[in-house]
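So, here's a batch of structures to check.
In what comes next, chain A is part of two complexes: it sits with chain B in the first one and with chain C in the second one.
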Partner chain A sequence: MRQRYMNLERLVNPRSIAVIGASQNPEKVGHVILKNNIDSGFDGRIYPVNINASGAIMGLKAYRSVLDIKRPVDLAIIAVPAAAVPGVMRECGRAGVKGAIVVSGGFAEVGETGLQDELTAIALRYSMPVIGPNCLGITDPRTRLDTLFLPSFKIDKPSVGGVSFASQSGAVGSSVLDMINSESFGLSRFISYGNAAVVDEVDILNFLCKDRETRVVVFYIEGVKRGREFIEVAKRATIRKPVIILKGGMSEAGSEAAHSHTASLAGSTQAYEAVFRQFGFTEAKDLKDLFNFSKIFETQPLARGDRIAIITNGGGTGVLATDALYENGLELAKLSENTKRVLRKAMPPIVNVRLPLDMAGDADDKRFAAALDAIGNDKNVDAIMAIALFQTPGADSRVAATLIHYGTSMSKPMVVVSMGGSYTKTHKSMIESGGVPVYESPGDAAESLAALIRYSRYRYAKTHKV
Partner chain B sequence: MRQRYMNLERLVNPRSIAVIGASQNPEKVGHVILKNNIDSGFDGRIYPVNINASGAIMGLKAYRSVLDIKRPVDLAIIAVPAAAVPGVMRECGRAGVKGAIVVSGGFAEVGETGLQDELTAIALRYSMPVIGPNCLGITDPRTRLDTLFLPSFKIDKPSVGGVSFASQSGAVGSSVLDMINSESFGLSRFISYGNAAVVDEVDILNFLCKDRETRVVVFYIEGVKRGREFIEVAKRATIRKPVIILKGGMSEAGSEAAHSHTASLAGSTQAYEAVFRQFGFTEAKDLKDLFNFSKIFETQPLARGDRIAIITNGGGTGVLATDALYENGLELAKLSENTKRVLRKAMPPIVNVRLPLDMAGDADDKRFAAALDAIGNDKNVDAIMAIALFQTPGADSRVAATLIHYGTSMSKPMVVVSMGGSYTKTHKSMIESGGVPVYESPGDAAESLAALIRYSRYRYAKTHKV
Partner chain C sequence: MSLMDYFKAEALLRRYGIRSVRSAYAESAHDAVRFANGKRIVLKAISRSALHKSKSGLVMADLDGEREIRLAYDALAKRAARYRPFRILAQRMAGEGGIEIIVGGKTDSQFGKLVLLGLGGVYVEAFRDFSVRVCPVGRAEAESMVMELRSRAVVAPNRRAVVMIANLIVRVSRLYSDNKISELDLNPVILHNGTYDAVDLRVIT
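Right, the complex of A and B next:
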């Protein structure tokens, strides 16, 4: 019988790896994986293994079998033809390898369920956690482990951060990973787990829930095999950290497509949505929600309520942002009398002191600072949406610096809205590198605030039982 | 009494302009406007006018009054203090100027309704179409007229195309303009019309409806003053070309904000939505819809129905795209038997010939071409969503070229979905420059297809009366 939860610690943080199927031939997956780990500077020992090996591969002593290594191997990365996988796995088991990632395809996804069952049985016999088969595996910006067999020039390099992303689908996984890396927020763990023959979403959620490096958990799933265990783990996870989930196959036709893709039993949409709501998941409806939600959860504190202050240097965008709040079930805050008094002094007479606060097109960093300072201290405001249109004469990198200062030092969440071309994008990157999320439309910003506030409520209710 | 429709022809396509308030002082709005038109290479005569002028401004002979020019002036751009505007306008009227743009603020938006009424009265007395006051005016990539008084380095340069954008709000206008310019689709006209004291949305819609350079009309409005006339013009406009509209102030709080912003009477949300639906407008719910919808309408033909084929080189993304179709009221097409036969021959055995067509992670340009060729000819398919994940080994610039070829030569609409970092963004730009819209998520692509299909149905119903 399988353990309730596989221990992924060594597999995810290996001190030594064996690349089985390593090759001098650049066309081979085993070549790409070995090269990527050497190039990325994997922080541990690397053992190339190839049944035909003699001498060295890429300058590293090569072995014909993992059994020949005679030193502890934490993780075996297996990239050999499907039929050869069981034999290789048995050797890993006997060699005491702590875990394996089978990147090879050719199992249940093409109808070879017998072969996949054999793989599962071997893993369980040796109590060896195995990720895959038919997966991209792991990339980790801390250990610099990288089992993705994708051309490295096609994917941006990650920066270290708090967002961990687990994906059943390799394609969704790699494009989301690339997006995360290209945006200015940081990656903690990336795990593409494919057919989930051994390690499944339950084990991964359990690991990420406890993992101290992970502040936000993001999942793409097409189906959950162990429903009850998943809910058990989820209950513990969502009390500790936000879990964002995108479920593929929510429509009937999508669910059929998912079945053909990863042989997932999709389950009813209603059932999934009920579970997501009840257990505090943050449901993403589309891929772009994954990024939009991840960046607010990674950087911003939880909110105490849903009263939002909008400040802007463009009136029309303030109007649209107000609409977007109500569209997403949020409210425009009402400023306290004291805040109004302070703002009346700080703003030029042309500025009407009410929310949305239209600070006019010539607003500069000082005006932004005055507004953020006053509103940041106003107990009637739970969160702030700051709209900074960088096309205006007064907006420049000092405004960006001001937004970073307040967005990282207040005890309430803040998001920024900026849209435009290259001048704006440069400032957007600055602000996001500084730790404050920037959205390209008021709608995306309001949706993300709403997700944060929903989760804040759930957390509060669960941790403040009456 | 005012004319039913102001004739904007000369105002929008002037052969000569007078910049009133032109100045050597770089702090002055009149300086920025004069400089921008010289720098952009405005395609006509430029006359600087300043009451204190003597000699030349920026190398051009300067005049103390527009009356001194003694040659025809098509357009006066007025950037003088509000109180001086009526006098200047009277001179324009007497000099036979064909139209004016008043960029100066300080009218109804700050309570100076009397001054604004005076402006209106003078314009009507001389039958002179006037845009503004309190507006950015016009930028036009063909004539290179540019009345925007924004630092030019803050806004990307436009390329010439078929999308015309009119905005009541200058802030929304300039950031949308910047976004349009930064994306690879082309601008026809940009008109920021501010307080609409004379020329209003009715006149502008009437002009853009007839304008041969404009293929897609995009509007940001906060309120419509002449409701009946707007509907009359809209009825004619939406039969000829798509009209995308974003209405600020759809929520109660947003509507209050709009009133404070442009003194617009917002009208009920329900009334607006009913009008939009009945008269074939494409309603944008958020700023990002403006871009998403504009680019499909600018480049793609109308659709004959709502049966969509999805092809992908990543299975999971195909699942999500299928969900997104149904979420947006569209359907997955069913391939004809002939198409299936052709595809079975063209695809490797691992590919399951059904929709969504998952061509596998190693799909290259030949596989994309085979799929697009077969599905492009299938009468059971009304439109195509092609997902190209450029992180995969087979996807490169030849795939981009293939997508451009099919996306610009088929008689049915096609959109592309690609998401990722710099390698992907390079290819996204290539494909969009080639004339095929690219979306960063299946949800955005499906929403945009749905907007195109809704409009296609409206057009068909209006032009094929039984």
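Right, the complex of A and C next:
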């Protein structure tokens, strides 16, 4: 019998690792994994293991079996041919290894269900949490553990942050990992868990929801294995932190035979959607949503309502942004009389003081600051969308710095919209690394605000009994 | 799968405080006329092998007077012959012109019992306007199901209607959770004069 939730603590934060299948040969997966951990500077002991080992691999003393190490091993990274995996796992079990990641493929994904069942049985016999098989495993910029067999020069190293990303698919996982850097949000844990023969999405969600380093959980799944347990964990997870989920295969036609109208309407896709909505997940429809939502959730506080103030240095985009708000079920806020008074004093006479606030094309950092200061304190405003067109004469790095200052110090969420070429892109990445999300269109910004507000409502409803 | 007898299903609904329209089996045209007792009625042929009663021509509505009822009864019995075995159910007309909704339950292989609310009657498949939740569903969750419908302005134009439908969903969720039922359709439930009547029940055990 499996435990309800596998304990992943030691597996994810190992003090010592054994790379089984480590090799001098650069063509081997085991070589890349060992090299990545040495290069990234994993701060624990590293033991290369290879059945043919004699002497050292990459300058580290090598062992023929994990049983020969005679010191505690927290994590075994297994990269040997599928047929050899059960034998290696038994040795890990006998050596008291705390957890394993089976990188090797050749199991259920190619029809070898018997071999996969054997792997599961061994893991359960030794109560050893095992991630995989057929997976990339873990990369963690904090502990510098890196079990991915992707050559490190091919992938942008993400910076340390609060977003943890778990993916059933290694392919989706590695592309996301590569793109995280250009999307300017920081990574906490990356877990690619493949066939989920032992550790599944329930265990991972349970771990990440308690993990202090993780502020936002992002999941790519194609299905869950234990539906009711998934719901139980989700309930606890989503009242602690946002969980963004992208599910593949949502267009699949229902295959179950229906004897009622209800059953013919509510197929498996509708069941997943119901679960996501009911238990506080933020559903991403595609990878673009996934990135857009990750950055607002990582940096911005929850919202108290859905009244949005738009400020802009370009009138037309303010109109488009207003449309985008309503399309996403949000409202344009109405400024209080006091805010209007303050703004009338601060803005030049050509500026009409109402929302969307068009501060005119010559708006500089002082005008942005005056507007954000007044609106930030207005109780009629729940969140702010600041549109900064860097093509205008007044907009420069001082405007970017102002946006960072207000976007990281207010108690209400703020997003920035900026579209343009290389000058804009430079400022976009400046603002994002400063901790404020930037979107390339008012539509993306409004959709992300709507996701944040929906989640804020859920959290409020679940934590304040009515 | 087995279809629960209409009256067993009706009694089950009643135990959970769910209203359904007055009905009786009519073994003969004479039975139907006596049930009508001068009021207008509907006749339906019930058969395990016909899911879509109205599509299969097994519903004859708005029957007024002895002659009309007798003719309809005979015609219906003839039409239903190919869905043997069948029985004919007589029902009082409920809430004419009212909005029709569907409330149902379905067991998902992964997440278990689900409850559904949708625009009902003949519009179920045309508009596919529905919301789904996992059982058990509480009041707040049920209200959010109503608010999610595209047709909510028609289905629940005011607060009272929202509350009434939400209460119905909660009761259906409770009934469905408590009992060994695999699928459940109340379709349509007719909303009229600030109340509702389930006019067709399909409980599959």
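Keep this in mind: the second predicted complex is superposed on the first by the 451 of 466 C-alpha atoms of A that agree within 3 Å, B and C clash if a C-alpha of one lies under 4 Å from a C-alpha of the other, contacts with A are read in each partner's own complex, and residues count from 1 in each chain.
Just so it is clear, a contact is a pair of C-beta atoms (placed from the backbone, for glycine too) under 8 Å apart; a residue touches a chain by one contact, two chains touch by 3 or more.
Keep in mind the model is a prediction, meaning the values are calculated, not measured.
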{"item": "Touching partner for A:G361 - first (chain B), second (chain C), both, neither", "value": "first"}
{"item": "Touching partner for A:A324 - first (chain B), second (chain C), both, neither", "value": "first"}
{"item": "Which partner reaches more residues of chain A (counting touched residues only), chain B or chain C", "value": "B"}
{"item": "Contacts of A:L332 with chain B and chain C, given as first, second, both or neither", "value": "first"}
{"item": "Which of chain B and chain C A:G443 touches, first, second, both or neither", "value": "first"}
{"item": "Contacts of A:F185 with chain B and chain C, given as first, second, both or neither", "value": "neither"}
{"item": "Touched partner set for A:S167, first chain B, second chain C, both or neither", "value": "first"}
{"item": "Partner chain in contact with A:Y406 - chain B first, chain C second, else both or neither", "value": "neither"}
{"item": "On chain A, the residue positions that both chain B and chain C contact, one per complex", "value": "258, 260-262"}
{"item": "Residues of chain B that touch chain A when the two form their complex", "value": "110, 150-151, 153-156, 167-176, 178-179, 181-182, 220, 222, 246, 248-254, 257-258, 260-262, 285-288, 312-320, 322-327, 332, 350, 352, 354, 356, 358, 361, 389-393, 419-425, 440-444"}
{"item": "Chain C - residues contacting chain A, complex", "value": "1, 3, 51, 102, 104-106, 108-112, 114, 116, 118, 124-125, 128, 130-134, 140-141, 182-185, 187, 202, 204"}
{"item": "Chain C contact footprint on chain A (complex, rising order)", "value": "223-224, 227-228, 230-231, 256, 258-266, 268, 270-271, 273-275, 277-278, 461, 466"}
